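Heads up, the next two complexes both have chain A, just with different partners, chain B and then chain C.
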Partner chain A sequence: MSTRTIKVDTLARVEGEGALHLRIRDRRVEHAELRIFEPPRFFEAFLRERGFDEVPDIVARICGICPVAYQMSAVQAIEDAFGVTIDARVRALRQLLYCGEWIESHVLHMFMLHAPDFLGYDSAIEMARDHRELVESALQMKKAGNAIVRVVGGREIHPINVRAGGFYRAPGVGELRALREPLQRARETAARSVRWAAGLDFPAFERDYEFVALRHDTEYPMNEGRIVSSAGIDTDAHGYEDHFEERQVAHSTALHSLIRERGPYLVGPLARLNLNAATLSPLARSLMADIGLALPCRNPFMSILARGLEVVHALDLAIGLIEGYQAPDPPHPGVAPRAGIGFGATEAPRGLLWHRYQFDDAGLVRAARIVPPTSQNQPTIEADLRELAQRLVDSPDDALRARCEQSIRNYDPCISCSTHFLRLEIERP
Partner chain B sequence: MNAWSADSRDRVALIGLGNALRGDDAIGLAIADRVVERLSSLGEHDARACLDLHRGALDALAIVAAWSDAAMAIVVDAAVSGAAPGSLHRFELGADAGAEAGTDRGATPLRTALGSTSSHGLGLAEAIALGAALGRLPPRLVCFAVEAQGFDAASGLSRPVENAVHAAVAQIADEIIVAWHHRQLSPPRIPRGARPVTD
Partner chain C sequence: MSAERNATTDAARARNRVPMRQPARGPLRRPRLAVWKFASCDGCQLSLLDCEDELLAVAGAIDIAHFPEASSASGKGPYDLSLVEGSITTPQDVKRILAVRRQSRHLVTIGACASAGGIQALRNYADVKEYAAVVYARPDYIRTLATSTPIADHVPVDFELRGCPIDKHQLLDVITAFLAGRRPNTPAHSVCVDCKLRGSVCVMVARGTPCLGPVTHAGCGALCPAYDRGCYGCFGPMAGPNTGSLAARWEALGESPATIRRAFRSFNAWAEPFRRQSEAQRDPGEPQATAPDGHSDRTEPGSP
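Now for the complex of A and B:
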């Protein structure tokens, strides 16, 4: 009998601290774990007894990469609890802010974290020496996304301009118009990037996922829609807990989310694309046809293509929103708290982000529950790892480890903040 | 090559790195903000006006973007090197550092001397290496780092780090003033993104 244990104590090029642990006995993968040390649940406790008006700024601190997503799900839940209907101009401005975050988050992942896997580099810096134009493209696109978040959100990191009912300050028309030209240039670059990504060498690997994402009748889902799945789930944010549950597992500080009847499921760009391709912008749709991406796409390594198409879509949408922009006046209506429970579900760059808050009649938070995309994808990541490692069981440790790490990065897991060390431990009896 | 080459823009990027909610990690933000205040209080309005302030837990791409158009960049961060808390480190990359594109000259001593406090492993050292690889280092890059005592999840600096702020602010403001007067920059323009933001 032989046992092989492959451990990566801290994963590189993921957003935060996680580790990989594989155990192989007699050429059979017994055990595949993505270990997560992320502490998001502390935030649910931090929020208790806080006023509703503090919630958007507190939850923005959960993530330095996708703070807007947390703010969007939170304000939606607050407005749901208090019976607030938002102005169409506020809705459009929120979409624009979310576009900025999708662009910067997706571009960072595609080029700095994921592309080195496909091109055979250990880091984006090494890659930049040989593929300067690729990183320059990323720089240009990300800058355009950052500018949206800075102008609409008040600053690039942990924006401060979002509040229940609207915004603290509505940007002027001129401020937004100044973003248009860089966004148009970024859109051309993004289209080229999709064509570049389509030429990458994708491992032949498919699994039969249940895709879960928001769906909207007329819009590619971002900050509004029903929660649907490829196996027939169709509910609003209120009904989320009827279909999904979270379980604690010993090796992760993130809870594992499962569909009650069926188990693991997939959220994120690939799920969104599979469920919503018809509502992509015309340019993104035509690019998808040009590169011959057929749906359903069940190859998780192709998530880089879904991200690329979503960058094009977000740039298209952002340019349109800026051209049609009318500043909401006033930027926010008065919001009167009342006792109740509110729900919010939006599409973070990495997938569905669901919030639930219970408020008292003064608008203080009594209870909060936040289900981030990575905890929803974690069981699926582990299922991918088990199957992938089994197929590659005869490969040398280095090759096996590299492919497994790449497989984790398919999900752009947003774990927490970390430095990166990499250590591989192999145990042989 | 003159650090202030004729084709470089007349801007100074002041980049304060850190997280205001993680103890001494906020030192870069605090110093950057106070440098801006000091220039104003000294009446150095023209030197103040040539500054573009960037602050926060910026990733490597954002750092490179922040200094890409600048004639000079000053980066302020926290350090973990084993030195006494509050110690001020200063590194300067000369005008030719970027000429060796493809090397991570400058980044290696920084990384080994100061350790890494960045999120996502894509912080200042990586930004310098990336900037070198892309030929996007500013003509002059000066990095200041204050040795941290701790990064607890709380706001407020530790006493030794707080005690180091005044001298660091004075030194950095002086460097900017000297650079300004040496350069004889053109009349000030309205700085982009230069409004201080309070956490």
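Now for the complex of A and C:
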């Protein structure tokens, strides 16, 4: 019986820090834990007694990579609590803002964080020595997405323009028109990059996931929809807690989410694509056919393809929204607070993001609950690791470690969202 | 020449020393950069990756030796410049920041968490055990300090870059400045000055919208007034802010003491001038707020 221990002190190219612990005894993987030690920041506690008008600015600070997602779920929940119906033009502008975040976040992950795994580099910067054009064109796509967030939201990180009911100021038609040309160029690049990604070497690995995502009758889900799953869950944001629960485990400051009746599930680009491919933009759909991606796709390593298709979709949608843009006037209606509970569910780049707030009659938060995508995927990430490590149990430590790290990155985990220090330890007693 | 004084923390703690020119070490040696994360949202270090037009040029000019969010490779110290994001909230991080300082020729904090404790410093006004009980079913599993504190409370800091988030152009300037041995060009005046430079109409004078611009450190480009809203202070206090006068103006606009207190207690809640003003705002006659609903509804750990 061999005894080997492998450690990687920091799992890189993820947002935040955590640790992985594998224990292998007699060629059996006994134990696979994704340990998250990110220091808790207690948002749900200090949100109490803050005004509803402060909530979108505060929750943005949960995550520097997807602040728009937090703002979108929060305003939806606030509007739900106060019985506010938003203007169709506000809705369209919010979708545009969200498209910007999907583009910048997905491109960041695809090219800066995930692609180096497939091509065998430590980072995109190192990758750029041999693949300069690939990295440069990715940066230009990212820039086009960020430009949307900057113009609509005010700045790329922690936008300042989102409020309950609408926006502080509606951008002018000219401001948005200026975004069109870089977005059109980005769309061409994005289509090329989907074809490029389809040529990557994907490990043969599939699991039978329960996919969970929003679904909308006519739109690929982003700002709204019903919460559905591949095993038949179909509910609105109010019913989320009937089906899903969070549990605390000793090895993680992020809570684990599970489907009450069945256990782990998967949220994010792959879940959205499997549940909603019919509502992708025509260009994204034709690309999916071109590259021969058959659904359901149960290979988590192929999540990079789902992200690529979603980038194309978001660019298409953004260009359309800009062409049809009419500034909401006024940019926001007066919002009158009332006591009650409101729910919000939108699709963050990494998956379903659910919020619940209870307000008093002055509009102060009495209680808040936020369930980020990464805590929903955490049990599934561990299950993937267990099965993957078992299949590769005879591989040399280096190969096993590289695959396990890549497998975690399949989920684009945002550990800061949920809670950091990702150390990879493989224990072979 | 004295370096710009930063009002986030005691000037004695954050000395913002003038960077020194590098000693000559041979023409081919690129300066080495490290990026570190403590309790934070990742947004400030993301600002470096958001420099889409400059990133590859920066990576050519300097050796990004340690940046876990972007690279699996981790070059050992010492580093010429460490950028530190995040605040200190755990016993381990108290030790880790000492190790970072030992390996770093210059240490620059990036953002409100590292420079002032961040939004998570709201715990400093509360009972962290009660906070943990709200979020976690088993708060006893959680190891955390009662306070969230800025980096300068723990080690000497050479410069504090402001903002929640930082501005990426200021970040590039600071990196360039430290590596070139010059002083960073980050004006310490108020948002009001930038607002005038931008040509925005004053939201407080013209519309009576409460605004923290008069006491807030510049750096954002006076963004919020340009979007028809008051500044909410995410760059923290300017040098020598007259917070008392501004609070009186807010009161005259009809804002309650509780609202004013909350305004000073956000992303830079633990920065000294904002902290003092928020404490001054506590109205002794104000009725005690009823206790918020304070129990975690999360399931206990155990059987699935």
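Simple rule for what comes next: the second predicted complex is superposed on the first by the 403 of 429 C-alpha atoms of A that agree within 3 Å, B and C clash if a C-alpha of one lies under 4 Å from a C-alpha of the other, contacts with A are read in each partner's own complex, and residues count from 1 in each chain.
One rule holds for everything that comes next: a residue touches a chain if its C-beta (ideal position, glycine included) is under 8 Å from a C-beta of that chain, and two chains touch if they have at least 3 such contacts.
These numbers come from a predicted model, not from an experiment.
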Query: Overlaying on chain A: chain B and chain C, fit or clash?
result: clash
- request: Report for A:Ala124: first if it touches chain B alone, second if chain C alone, otherwise both or neither.
  value: both
Message: With both complexes superposed on chain A, which partner does A:Asn161 reach: first (chain B), second (chain C), both or neither?
response: second
- prompt: Just chain B (first), just chain C (second), both, or neither: which does A:Ala250 touch?
  reply: second
Query: Counting residues of chain A in contact, which comes out ahead: chain B or chain C?
result: C
Query: Looking at the overlay, does A:Arg391 come into contact with chain B only (first), chain C only (second), both, or neither?
result: neither
- prompt: With the two structures laid over each other on chain A, which partner does A:Asn146 touch: chain B (first), chain C (second), both, or neither?
  reply: both
Query: Of the partners chain B and chain C, which touch A:His21 in the superposed model: first, second, both, neither?
result: neither
Query: Is A:Arg207 touching the first partner chain B, the second partner chain C, both, or neither of them?
result: neither
Task: Could you say whether A:Cys63 touches chain B, chain C, both of them, or neither, answering first, second, both or neither?
output: second
Field: Partner chain(s) touched by A:Arg285 [first = chain B, second = chain C, both, neither]
entry: neither
Task: List the residues of chain A that touch chain B in one complex and chain C in the other.
output: 12-13, 15-16, 61, 64-65, 108, 112, 123-125, 128, 132, 135-136, 139, 142-143, 146, 154-158, 160, 420
Query: What residues of chain B sit close enough to touch chain A in their complex?
result: 19, 21, 56-62, 64-65, 68, 101-102, 104, 116-122, 126, 129-130, 133-136, 193, 197
- prompt: What does chain C use to touch chain A in their complex?
  reply: 37-47, 49-50, 52-53, 55-56, 59, 64, 67-74, 89-90, 93, 118-120, 122-123, 126, 128, 130-132, 134-138, 141-142, 144, 148, 164-165, 168, 220, 223-224, 226-229, 232, 234, 259, 262, 266-267, 289, 292-294, 297-301, 304
Message: Which stretch or stretches of chain A touch chain C in the complex?
response: 9-17, 38-46, 48-51, 54, 57-58, 61-65, 67, 104, 108, 112-113, 116, 122-126, 128, 132, 135-136, 139-140, 142-143, 146, 154-158, 160-161, 163, 168-169, 245-250, 253, 255, 258, 263, 331, 358, 366-367, 369, 405, 414, 416, 420
- prompt: Okay, in this complex, where on chain A does chain B touch?
  reply: 12-13, 15-16, 61, 64-65, 108, 112, 123-125, 128-129, 132, 135-136, 138-139, 142-143, 146, 150, 154-158, 160, 417-420
